[in-house]
Structure formats: C-alpha cells, structure tokens
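Down below are the structures I want you to see.
Each of the two complexes below includes chain A, the first together with chain B, the second together with chain C.
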Partner chain A sequence: MSDEMDDVLNEFIVESYESLDDLDRELVTLEQNANPDSLAGVFRAVHTIKGTSGFFGFNKLEAVTHVGENLLSKLRDGETEVDRPITTALLSMVDAVRDMIDSIQSDGVEGTGNYDALISELEQLESGEAPTADTDASGSIDVDTAVDATGDISDVVAEADIAESTETTDVEILEPESLAADAAETVDTSPTAAATGHVASESIRVDVGLLDDLMNLVGELVLARNQIIQYTGTNPDATFSATTQRLNLITTELQEGVMRTRMQPIENVWNKFPRIVRDLSIACGKQADLAMEGKHTELDKTLLEAIKDPLTHLVRNSVDHGLETPEARLAKGKPAGGTVALRAFHEGGQVIIEISDDGAGIDPALIRRKAVEKGLLTKEEAAGRNDREIINVIFQPGFSTAAEVTNISGRGVGMDVVRTNIESIGGSVDIASTHGLGTTVRVKIPLTLAIIPALVVACDEERFAIPQVSLLELVRIDGHDPQSSIEYVHGAPVYRLRGRLLPVVHLHEVFGKAPPEHSDGINIVVLEADNREFGLVVDEISDTAEIVVKPLGRVLKQVSAFAGATIMGDGRVALILDVMGIAEHIGMTSTGAGKQHGVEDGEANAAGDLRRLLMFRLGDRRLALLLEMVARLEEFSTEQIEVTSNGRVVQYRDEILNLVFLSEELGIPSTRPEDAPVQVVVYTDGGRSVGVVVDDIFDIVEQRFDIQHGSSAAGMLGSAVIQDRVTDILDIEGLLRLALPALFAEEAA
Partner chain B sequence: MNNVDDPRFCTFYLGDLFLGISVTCVQEVIRYQERTRVPLVSDVIHGLINLRGEIVTTVDLRHRLELEPRQPDDQEPINVVVRHDEGVVSLLVDEIGDVFEVADEDFEPLPPTLKGVYRDFVRGIYKLDRKLLLILDTDRLLDLPNVSNVPGLEPADTPNIPHVTPITEVVPS
Partner chain C sequence: MQVLIVDDSRAMRMILKKMMGELGHKDIDEAEHGQAALDHLEEKMPDVALVDWNMPVMGGEEFISTIRGRRDCDQIKVLVVTSESNPRVVYQALKAGADEYAMKPLTTEVIGDKLGMLGLA
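So, the complex of A and B:
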C-alpha cells in the first residue's frame, strides 16, 4: 500500500474510533429518548464506516455495518421503535466494528472474528417489520442467504445458533409481531449519505508529540523568564524592565495558550459511561440513570488518559455496589431507578470530579468491624476515628480484597488501586457516605503536570519546593518561647492545631540532621498525604512560584523524599519535595506506625456535646469562652483606648466600643505589660458590641466536655477539663450584665 | 564507552593522579558552578547544577575514588560533563588536562598489585612519555546503586510513585 493509502487508512481508523465513541453514547441516549436528529447522526456515522470499509475492501466490516445501517434506517424512518433488544444488538455491532478496527490498526486486516450471528440478529430485528431486507447489490452473500423472503424466523435463529459465534446473542428474545413482508421497503440512504464525513473547517489534527515538545519549550521559556525577572530587580534600566514586563505577559499568555491546546473536555472520558452504566445495570438487574454535570470541564490530555480507568472503576462501583435493586429501593421508599451523578468543575486551580449515587451508602460500623478483623486498625484506633475517616479506610490496600468487601454493602474492589492511580498524577481521592442515602467519591486532580504551583521553603540554607496540591495551610508560631508550643506524645512531637493534635516533623530531621536549637519562631507547613495531615517544620517560608518539574538523574530517583527538581529564578536548582515520600518516611501513612492525625485530645470520647471554645489566659488562669458567643477577635494598642464617662472605650468600625477589663471584673491580676497591645474578644448582642479585654488568646479547641457547675464565682458558667487541664468557662452574658448594667438596662427598657 | 573507534582521551588531574576517559562520552567541560546540595544522599553526590536548563547531578570524583576530601582553600574544581546511560552526569575533577591520542601498543592492563577501588574503576594504563594515564571506567564509576545514606528512604518494597511527573517524561498518548 502506498504511503498515501496508509494516510487515508489511518484517517479512517482515527475517524472511526471517534464515531464509535459517539455511537456508544448516542445509542444509549436513543434507547431512553428517541430523537430523529441523533438517529440521523448515528445512521450517518455507520454509513460512513460502511462506505469507507467497502472502499478498502474490508468485507466483513462492510457486511456488519451494512445490516446495522439497514436496521438504523428503519429506525430513522420511524418504522421500528428503538427498544432494548435493538439497542443491545446495535451496541454489539459497535463492539464488533471496534474489534475489527483494532485489528486493522494493529495487523492491517479485519481479524478472524465471526460475526454471522450478529449479522443475522440485526437482520431479524430489522425484518421484524420487513423480513425482506432487499439488500443492495453490494451486500455480502451472508446477508442474502440469511434472510428468507418468507421470513421463517425460527430457521434463522437455528442458523444463528449453529453459527457458533463468539457473540452471546439475544436472538431468542426476538418476537417479530408481524412477518408481513414489505418487500417494497428498500434501504433509503440518499439524503443523508451525501452529508458523510466530518467538516473540519475550524480545527486541525496535531500530533500529540508536537504539543509535548511545545509544552517543554514553554516550560523552558517560563524558567528563562523567571531568571530575567530576577535580574531586572538588580538592573535599573527602564527600557529593559519595560521589555521584561512585556516578555512576562507574553510568556504567561503563551503558557496558557499552549496548555489549552492540550486541554480536552472530560466529556471524552465520560462518553463511555452511559454505555457502561446501561450494560452493568442490566447485568445486575438494577435500574440506573446517569446524570452528568460539567462535562465541558477541561483538563490536560495526559491526565485525562490517566483518570480514565479510575473513574470507570468508580462508576462501575456505584452501579454494582452502590445502588440497590429496584425492589430494595422501593422497600426503602426510594424511586425504583437509582441515579449515578457525575459532576466536574474547577476549584482552586484543580479539577474536582465527583461521582455520587443515591444508593445504600456505606455502613461505618461494618467498616470499623472489618478493619479491626483484618488487622488494619486496632480496636481503639477504629473507635477513635470519626465516620468519615473510617469510610476512607476502604482505600487501604488489604482492605479491599474482593469478595469480603462486596458482602458489606461497600465498594472497595480495587479502591487502593484507584487511589494509587490518582495519587500518581498528583491528585487525591476522598469518599463521603451517608448510610442508607448514598455515597460520593470526590477526586481532585491538578490541571496539568508540567508546570505546577509550588510553595518555596528554606531549610538548612537550601530551598525546596512543595507542590501546592499537598498544601493545606501555613502556621507560624511566634513568641518568646515558640518551642514550648510543640508538645511530645511519647517522644513524638505534636502541635495543637485548633484542638487537634497535628503530628509535626522537622525537615532537618527528615534529612537526618539535628534541627537548629534557636529560632525566633516556628514555621509549620501543614501538608496532607494519604488523607492524613502532618506538619513539616521548615526554617523559612519564602514564596509561591510556578515551577517546571524536571526529572532527577536516575542516580537520585531512588531517594523517595524528592519528586524532582526545578530551576529557580536565580538559575539555581531547587529540589521538589515528595510529600507522599516524606510521609512514608516518617511513618505517617496508613501502613506506618499509627502517628496519624485524628487522634483527638484525650477526653474526646467523654460525654457531652462537641463544642468549640476560645481559650485565653488571664494572669495565671486558663479560661475559655464558648466560641459561638464571640463575634470577632481584635487587638488594640493602648493609645487607642480613650476614657469616657462610661468607662474605657475604643473607636471601632465607626462606633464606640466599650471595653471591659476582665482582670478587674474577676479580680484576677493581669500579667499583661502596661503598654502592650490589648487582646479583645468582641461580643455582640442585640446590635450592641462590647470588647472584653483578656491577657492572651492562645487557641480554639473543639471537644466534648461537661461543665461542672457549682462554681460560685460571678460571671462563670463553671469549670471543665479542657486539654487535660481544669479550665473556667466564662459566662460572658452574665458578666457583662454585671459589668455594664447601664448598657443592659437601656436595652431592657 | 569503548575506545576502539576513537583513541583519544580527555584527561584530568585528581591529586597526583593523571586520569582519562574516552572523549566519546565527554559532552563538555565547564567551570565550577554553585551546587544545590542534596540531603539524604552520600557525599559521593556533590549536588545538582543547572546546565542550560537541564538538571545535572555532580559526582565528587575525589570521594568516589576515596581520595582526601577537597579542602576549602583548594582551587575550585572543574566539571567534566559526561553522557551516560544514567543520563548526563558531571564529574568534579581538580584540573583539566589535554586531549591525548594514544597508541594501542602503549596500553597495559592493571598490574595485579593494584588494590582497592582502582581495581574496580580503572580499566587500564597507557604509558605516555613521562607519565602514566589511568583510564577510568565510567560505567562502574557511575554505578551508584545505593547513594541514599539514611535507612528508610531507600526505595520501599512498593515502588515509589512520584507525585509529579517530570516534564520530559510526559509521554504522548
């Protein structure tokens, strides 16, 4: 075959694959809702494949598509209604065509598949109305012999069985109502046949390799740009800096443009799902609808390929394990048909894909039990985790061994593989489920891999980049003795972050060195890996930057703490930290020694409601205030405090804010230095605000506690054990009534 | 890496050693560059440098050949950038020499008395006019199976999955 012929053939193969993907989707849509336009489209696509395969001499392919086309023409002309057997047969035809095209692509021939049974099935479906399909002259011999003008269906069925095809046909369900031959009915292809082929006016096909090269070049350009910008800072030349500005803008636009060329709508992957959901729900005896939202959300082609299998797995799981049978659903008062909803959208530079179903949900109690049985968690660990954390245990390898997981109404077959695949492209996956109501799996993936936003930190005089995807927040601990805020649980350092114990590790220690002893503050980078949080203490947090990920030499690949390297604005190299690798190193991952986040403060399981408290100091006393009583936290310098006949006030948001000095009201001597700024808790009630001056606000905790009443002190609700220490809980309302009777009297009047 | 086709060697000095590697595997020779240190690996890895946008690992040849470490007031070393199956790697040497063309008849295998790392890394010796040229085996030099110096950060049983795919490895699909 000449080169030119090869080109034409390749074009045919590519176009056919595209058409086949469309066909899968369109056919499923048609089954639910017959639409003349989409029928015409389906017909055209099949017709094109048939025509071209005839041109290339692919006779089997032509024969299969030919009968399919005949059936479709009947449907298009409204002579036959689309029903399930017809859709199933047409989908089988699509599969057959796909098999043949696969084979043509790899070997150049149609392959050895035998499609006689499929052909006769399609013919019978078509002849349901018209037994004589009066095929045109180019039709294969099979077509002519299989259809008997008298339309003896049973014979044909027998033939089909004897044919011993590879397809499992649904032939037996054919019940043609009428065998009345309408011999005059011939295949009408004229009007639409003319409109075959794609009109490629606005787009051209580009080799992906070329786009990859472009992307690499743009990456280099971004680096060069960064270097020039850095240099501009030291060079006062106005023309130079103006030109740099322009270069900067153009580079950014070029980067975005080239990235867009690689972007494809997620639709390209979702297209396969209607078919999967249909086939699977029929196989499981369930009814399932597939809803899609945001199918035009775009992401990098490489990523799209990478998420195809995990997403397919999740959708299959939703139908297979998530949804209940119609009977079970009706018994629960749900509609018989379940819904699997796909949702995709952009959020914070990432693409979020949600796969949710309104099925049975996951029972956390069962997961707890299974996890303990399988030795993945100890009894205490299982009890200590909340439901959400427990459900995410199904992503752990070892939990999801097929049969046993299916028993417990949960998903789980290969969920660890799903997570591994998604994490390998820098994404994350999270599952939330309400027992009885349904399950939502949330997949987060970056828009692109080549250029990623990162946080630049310094440690031991070197810079390191941390990919933003793993970054949750930054915490800076200041004060004269910041080290004291790091506490130790059996030698493991932890930091109280809003009442939860965050395991922390010093980057120096990760690198096998002793951390610096002296520092005037602690920078904690809160990271997430494997659904657990941990804090990485670094010397300095520098900046965020768009970095181009470059591979490390093979020699260094083995060091799992680094994901690659990048070149910074000054031309120097910086290593990119592999958060997952570091987490593994310090035993943070699920398989590691249980230093996980989620160990709540000691008395977390004690009785009482989960309440949030604002913790503050007054003199040497620890006090707490229910957080819902707090409107804002403010800090005022002593100069801002003015004295009026109503006591001390500050100007605050165009109003006068009365200050109540708690140390005076409670008779506890303050340890606040005279001229230090005052920390104020603003309390608002009925449109009126009062500022309560405390010594030092140090934390917000969330935990369960019982207030031991009987405190006789005025302005106190009582005491409770908070963070292992007895803490007085302030009754701010009562206190203010005492402190500012005038204010409340006025309100009462 | 074989010198059958090309009898020329790029030579350099390391202490009082006169060493050579085949010119066919030398990409270029550049002066010393500020390195980025790599934690968690042995001192054989000197660091990373930016070679026109490519990240190149530098190997401290003194360390590799178990010589005295370089002193701070020694003159700056020089990068001999070599192409290798493992990618482009730079070897830090004390001083660069000429490119020598040698004759096969001057070649001698290693004397059996030579011990230690030289047995591993030196392929043979060329007898030049007034000195001996030791030919290094770059394959063996750069075979660093275990540079990680902290237990636990070596490759785990399960292969490590990088969080970010390096740009040059984005495969067209």
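So, the complex of A and C:
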C-alpha cells in the first residue's frame, strides 16, 4: 500500500474509533429514550464506516455494518421501535466492528472472526422475524423493498419483492418521511451539532507525539528559566532583571498553554461507561442508572489514559458488588433501580473523581472477618481499627469480598491493582461506605505529571525534591535540646504533634546512614502516604519550586526511595523522593505494617497501635504497665520479705529478688493492709529480675491508645484513657533505674 | 477545474481527494458538511461539488436544494457521492437538484465516468 493509502487507512481507523465510542453511548441513550437526533447520528456513523470499508475492500466489515445500517434505517424512519434485543444486537455489532478495526490497525486485515450469526440476527431483527422483537410487521414483509417500490426509480422496482406487502405499506411510507424531515430539522437546530461544526472548523488535529515533544521542550525551558532567575539574583543589572521577569512570565504562560493543549475532558473516558453499566446491570439482573457530573473536567491526556482502567474497574464494582438486585432494594424500601454517580471536579490543583453508588454499602464486620481469615490483619488489629480504616483494607493485595468469583468483576485482580495504578501516576484513592446506604470511592489525581510543584530539602549537602501533593506541613523544633522532643516508643522514633504520635524517620536513615546530632533545631516534613502520616527529618528545608520530572535511569529505578530526578536552578541534579517508597521503607503503609505484624506482634508502632496493659491499683490511683514489660506476676507473704543492705528482698527461684515498693517510689500512700500478702510484678532485664510491689493487680486489657505526655510525673510514661478512665502508665524501666541505680550501674559495667 | 468535496468523514474526504487526484484534478477544497460548504461558496465557486448525503448540521439534500435556489451557483455541477444505497435517496437527490449520483462500488473509474457524464472529464 502506498503512503497515501496508509494515511487514508489511518484516518479511517482514527475516525472509526471516534465513532465507535460515540456509538456505545448513543445506543444506550437510545434504549432509554429514542430521539431522532441520536438516531440520525448513530445511523450516520455506521453508514460512514460501511461506506469507507467498502472502499478499502473490507468485505466482512462492510457486511456487518450493512445489515446494521439497514436495521438503523428502520429505527430512524420509525418503522421499528428500539427495544432491548435490538440495542443488544446493535451493541454487538459495534463490538464486532471494533474487533475488526483493532485487527485492521494491528495487522491491516479484518481478522478471522466469524460474524454470520450476528449478521443473521440483525437481519431477523430488521425484518421483524425475531421472536423477541416487538414489531407490528406480521409475516416477513420486507419494508425496505416496499419503500423502494414507491420510489420513481424504475430499474430498482424489478428487484422489489413486494409479494407479501400488505395494505399498511402505504401508511408506513408517509410516516417515515415526515419523521425523517423532523429529524433533519432537529439536527439542524441542535446547538450541540452546530457547536461541533464550529469547533471542528476552528481546530486542527495535532499528533500527540508532537505535543509530547513540545511539553518536553517547555520543561527544558522552565529549567533554563529557573537557572536564569538564579543567576539574576547575583547580577545587579536592572535591564537584565527586567528581561528575566518577562521571560519568567512568558515561560509560565507558555507552560500553561502547552499543558492546556494536552488537556482532555474526562468525558472521553466516561463515554464508555453508559454501555458498561447497561451491559453489566443486565448481566447481573440489576437496574442501574448512571449519572455524571462534571464531565467537562479536564486533565492531562497521559493521566486520562492511565485512569481509564482503574475507573472502569470501580464502575464495574459499583454495579456488580455495590448495587443490590431490584427485589432486595424494594425490600429495603429503596427504589428498584440503583444509581451509580460519577463526579469530577478540581480541588487544590488536583482532580477529584468520585464514583458513588446507593447500593448495599460495605459491611465493616465482614471486612474485618475476611481480613483476618486471609491473614492480612491480626485479630487485634482488625478489632482496633475504625470502620473507615477497615474498609480501606479492600485496597490491599489479595483481598476480594465477592462471596464467589464472578466472571464480571471478581477476576482475581482487585482493588489493589486499582490503587497501584492510581498511585503510579501520583494519585491516591480512598473509600467511604455506609453499610446499607452506599459506597463512595474518591480518586485524587494530579492535573499533570510533567511539571509539578515541589518542596526542596537538603540532607548532607545534597538536595531532594518532595512532590507537594504528599506534603502536609512543616515542623521545626527549636530549643536547647531539640533531640529530646523525639521520643521512642518501642525503639521507633516518634514526635508528638498536637497530641498525636507521628512516626518519624531521618532521611539519613532512609539512605542507610547514621543521622547527625542536631544541636540547633530539627526540621520535620510531615508527609502523607497511604492515608497515614509520618515525619521525615531533613537537615534543611530550602524552598518550593516548579520542577520538571525526568525519569530515572535503569539502575536508580530500582531504588524505591526515588521517583525521578530534576535539574535545579543552578544546573545541579536533585533526586525526587518517592514518598510512598519511603513510607514502605519504614513500614508505614497498611500493607507494610500488616506484614511486619505477621513477623512479630507489637513490633510496628504507629500511633494508636493495639497494646496490652496490666492494670493495677496503688492507693486510690489506677495505674497501668505495658504487659510486654512484665515477666511474671507473683504473690509473697510479708514473712518472706527480708531486709538486707541492698534493701528488701525475697528468695525467689534460688535467687534473691530485689523488691521495689511502688508506693514509696511514687509517694502514693498504699492502702494495702500491713499483713496482707504483697502483689509483685516481676520485671526482668538482662538476666536481672526486680519485683515491683503494687497494691492490687485487677485486670489485663488490650486496647489502642495514645499516651499523653503532658503532665507526666517522674517514673511515668504518661497517661492515657484506658477503659474510659484516665490511667497513668508506668515507665518501669525508668523507675527502676532511679530506684536501684546500683543494680543498673552494675549491669552496665 | 475547481473541486469541492463535502463529506463529514475525514477518511472519505481523503479517499475522494485521492481519486480526484488520480483523475488529474488537484485544485480541491473540502467542507465537512453542507453549512461549511455554503460558507466556502462565499469565497470560492467550484466547478463541481462531490456531496455526501448523510452529514451532521446540514445534510446533502438541504445543501443541494439551497444552492439550486441560488442563481450564482448555477454553474456548479453536483455529484452526490454516497454509499447510501436506498433508491429513495437517489430519487430525493435528483429531485433536490443533483446532477449525478455515484453509488458503490466507489472507484476512481466510477467517479471518472460520472464526471464524464457531466462533461467534466
């Protein structure tokens, strides 16, 4: 084939794809509400494909579209009413056409598909023979030829087979013509049609590759601009700095302009959904309406491509898993037909897409059970998480709530793939559901990927860029000993931010280096990943900047801490931090935390983790002790207590056990009767055991809590609300170091 | 010879342009529907218009009847080029004022023959 023919063929393929997308949508609209406008459009689209395929000699394509066109022409002329079997057949025709166009695009031929069944089905529907088709035509009246017969073209009359035509034929001819005229008028005045025509004549088609190149060049220009701005700072020349100002403005405008050329309305992806919802609801025996809001919301073409599959999956899920059957809905007092609503809008430099349904919602109890069954969470974790957190567990790999795997949505790949895909383009996804009322999935995606606002930080003289999407706030700890404000809960560093424990990690540690001693303040960048917050300690916070994202080379790509690279104003390269990657590195993500728990319970220590506490009384005070600090619980009679130079001791398991009377250490009067046996909590550290005497051990609880440090006295970790009461939590380790310095000094030596 | 191709399908316009090129006609303008073609007529009068039947905004029938109602367009030969095979359409086209009607199979030869019949070869 000549180049010229290749061009024509390409145009044919592109044009056909455009029509096919419209066809899906239009046909579904038609089924709900047959209007002449859509019919004329559908007919035209099929007609064009038929005509053009004939030119290329795509005979199968021509045959399929030909019978489709005949059926559509009947619908257009009002001779046949659109009903479900017809819509289904026409949609199958669209699929067949798409298959063939796919094949033409890849191999240049129509492919090996056999469409005879489809053709005869369409023919039957056209002639009104199909048992399901509800038409007035009795017998096999070929209305097409009947119409032919009335035309004045004598040479075609010969082929007209009107033997069976009835007296209704005449009536039918008049009506279609007036209908067709109506249709023509509506098409003319239709504002959308006029607008399309107008836009088309004022727009040109541009190769996407060219736009990509332009975007890259603009990226380079932004970098050059940044460099010049940096240089201006050191150059006193007024003219130069004025010119730089102009360059700065123009570059920004150019960047915005080029970015706009790549913007496409989300409608382009949503167009497929009416068809999907229709087919799926029929397949599941459900009734579903699709509502769309904000379909003109625009986002970068690349991103649009990337969210296509995840969104499709979510919409399918809404119909398949979300909505109930009409019977179930009626039983609950809901309307038989459910609604799947799509909503898109801009918010803070991001595009938010919501997919909601008014279906059954998600039962948190079911998710809890499933998550434990599948080993994604321990029982304690499952019980301790709130409903919203629990529902978001469905985004974890290997989770599927479908009672049985259907061939519709439960295809083994689940919501985890949705999340991975969305996160790979710098987006995030969150789900909220009210059991019995419905589910809303909220997808956040950046407007564009190529140029992003970022925070520049420094660590060891090297600079790093953090995408602002993940940035929550910046915290600086000043004071004479900033290091002391970083506390350790189970060996994991945390910072108390407005009463919440924020896990922190030093950027040095992410790179496997020892963090330096900070003497003059600590900078914490508070980041969000996977709906959890953590703090990243950096040496210095420099500035915000628009950075141009450059992909990393093959070697660095494997380092999960980096998402890409960029060139800074001074021409040096800065790596872009991958916030998700770092969160995973420190076990912050839900999956990471889950895995870690599998290995050793209680190892991960995010804020509010589930902990076991030993509850005891001392005087009138309720106190608690982390159970993992407790080796054993013992009871000794007062006779067993002996006084030595090292204090009071008991003989215990062939050893001498030092006793520490907590009431004395804390200055809380004991209410224990003089002669009553003593309750002792045995604490063991490095082979040494110490007995801590308390008044009364009354409970062991398992609970999630945050320790409030505020007014904590010596020997206390702080207080927390345990069993709905404020309870002091004992720092047994610290307390014993104070009470028995000799013992611990000996151990240290 | 000035040629105006009126068709809403880009692929079809390319095909017709190619065919006309093979027949030696290089002076070709395009319009995507009847209204765009009417706008075009304000600037340039073609000798022949190859007109599709089914088009959005303004279809072939309306376009042809419109220009046939204008004296300044008398010299334009109108060739309806469509794969619409319904004889009623042929009838309507001729009634609206088309000079010729090219049906499938659409080949360069068919177009050439039709142009010849219009005295434009």
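Please note the rule applied: the second predicted complex is superposed on the first by the 497 of 749 C-alpha atoms of A that agree within 3 Å, B and C clash if a C-alpha of one lies under 4 Å from a C-alpha of the other, contacts with A are read in each partner's own complex, and residues count from 1 in each chain.
FYI, contacts are C-beta pairs under 8 Å (C-beta built on N, C-alpha and C of every residue); 3 or more make two chains touch, one makes a residue touch a chain.
Computed from a predicted model, the values in this text were never measured in an experiment.
A.B. asks: Which partner does A:S106 reach: the first (chain B), the second (chain C), both, or neither?
C.D. replies: In the superposition, A:S106 touches no partner, neither chain B nor chain C.
A.B. asks: With both complexes superposed on chain A, which partner does A:T302 reach: first (chain B), second (chain C), both or neither?
C.D. replies: In the superposition, A:T302 contacts chain B only.
A.B. asks: Is A:S645 in contact with chain B, with chain C, with both, or with neither (first, second, both, neither)?
C.D. replies: Neither chain B nor chain C is touched by A:S645.
A.B. asks: Is A:S203 touching the first partner chain B, the second partner chain C, both, or neither of them?
C.D. replies: Touch status of A:S203: no partner.
A.B. asks: Could you look at A:V579 and tell me whether it touches chain B, chain C, both or neither (first, second, both, neither)?
C.D. replies: first
A.B. asks: Looking at A:T52 after the superposition, I want to know if it touches chain B, chain C, both of them or none. Which is it: first, second, both, neither?
C.D. replies: It touches chain C, and chain B stays clear.
A.B. asks: By the touch definition at the top of the document, which applies to A:S484: first (chain B), second (chain C), both, or neither?
C.D. replies: In the superposition, A:S484 contacts neither chain B nor chain C.
A.B. asks: Return the chain, chain B or chain C, that is in touch with more residues of chain A.
C.D. replies: B
A.B. asks: Quick one: classify A:P551 as touching chain B (first), chain C (second), both or neither.
C.D. replies: Touch status of A:P551: first partner only.
A.B. asks: Check chain A for residues that touch chain B in one structure and chain C in the other, and list them.
C.D. replies: none
A.B. asks: Could you pull out which chain A residues touch chain B in their complex?
C.D. replies: Interface residues on chain A, with respect to chain B: 207-209, 211-212, 215-216, 219-220, 223-224, 301-302, 305, 420, 423-426, 449-452, 460, 462-463, 467, 469-470, 510-513, 548-556, 558-565, 567, 571-576, 578-581, 584-585.
A.B. asks: List the residues on chain C that touch chain A in their complex, please.
C.D. replies: 8-12, 14-15, 18, 32-33, 35-36, 54-59, 61-62, 82-84, 86-88, 90-91, 104-106
A.B. asks: Flag every residue of chain B that touches chain A in the complex, lowest number first.
C.D. replies: Residue list for chain B touching chain A: 34-41, 45, 47-50, 53-57, 86-89, 142, 144, 146-150, 152-156, 160-173.
A.B. asks: Within their complex, state which residues of chain A touch chain C.
C.D. replies: The touching residues are 4-5, 7-8, 11-12, 14-16, 40-41, 43-44, 47-48, 50-52, 54-55, 73, 144, 147-148, 150-153, 156, 184, 187-188, 193-194, 196-197, 200-201.
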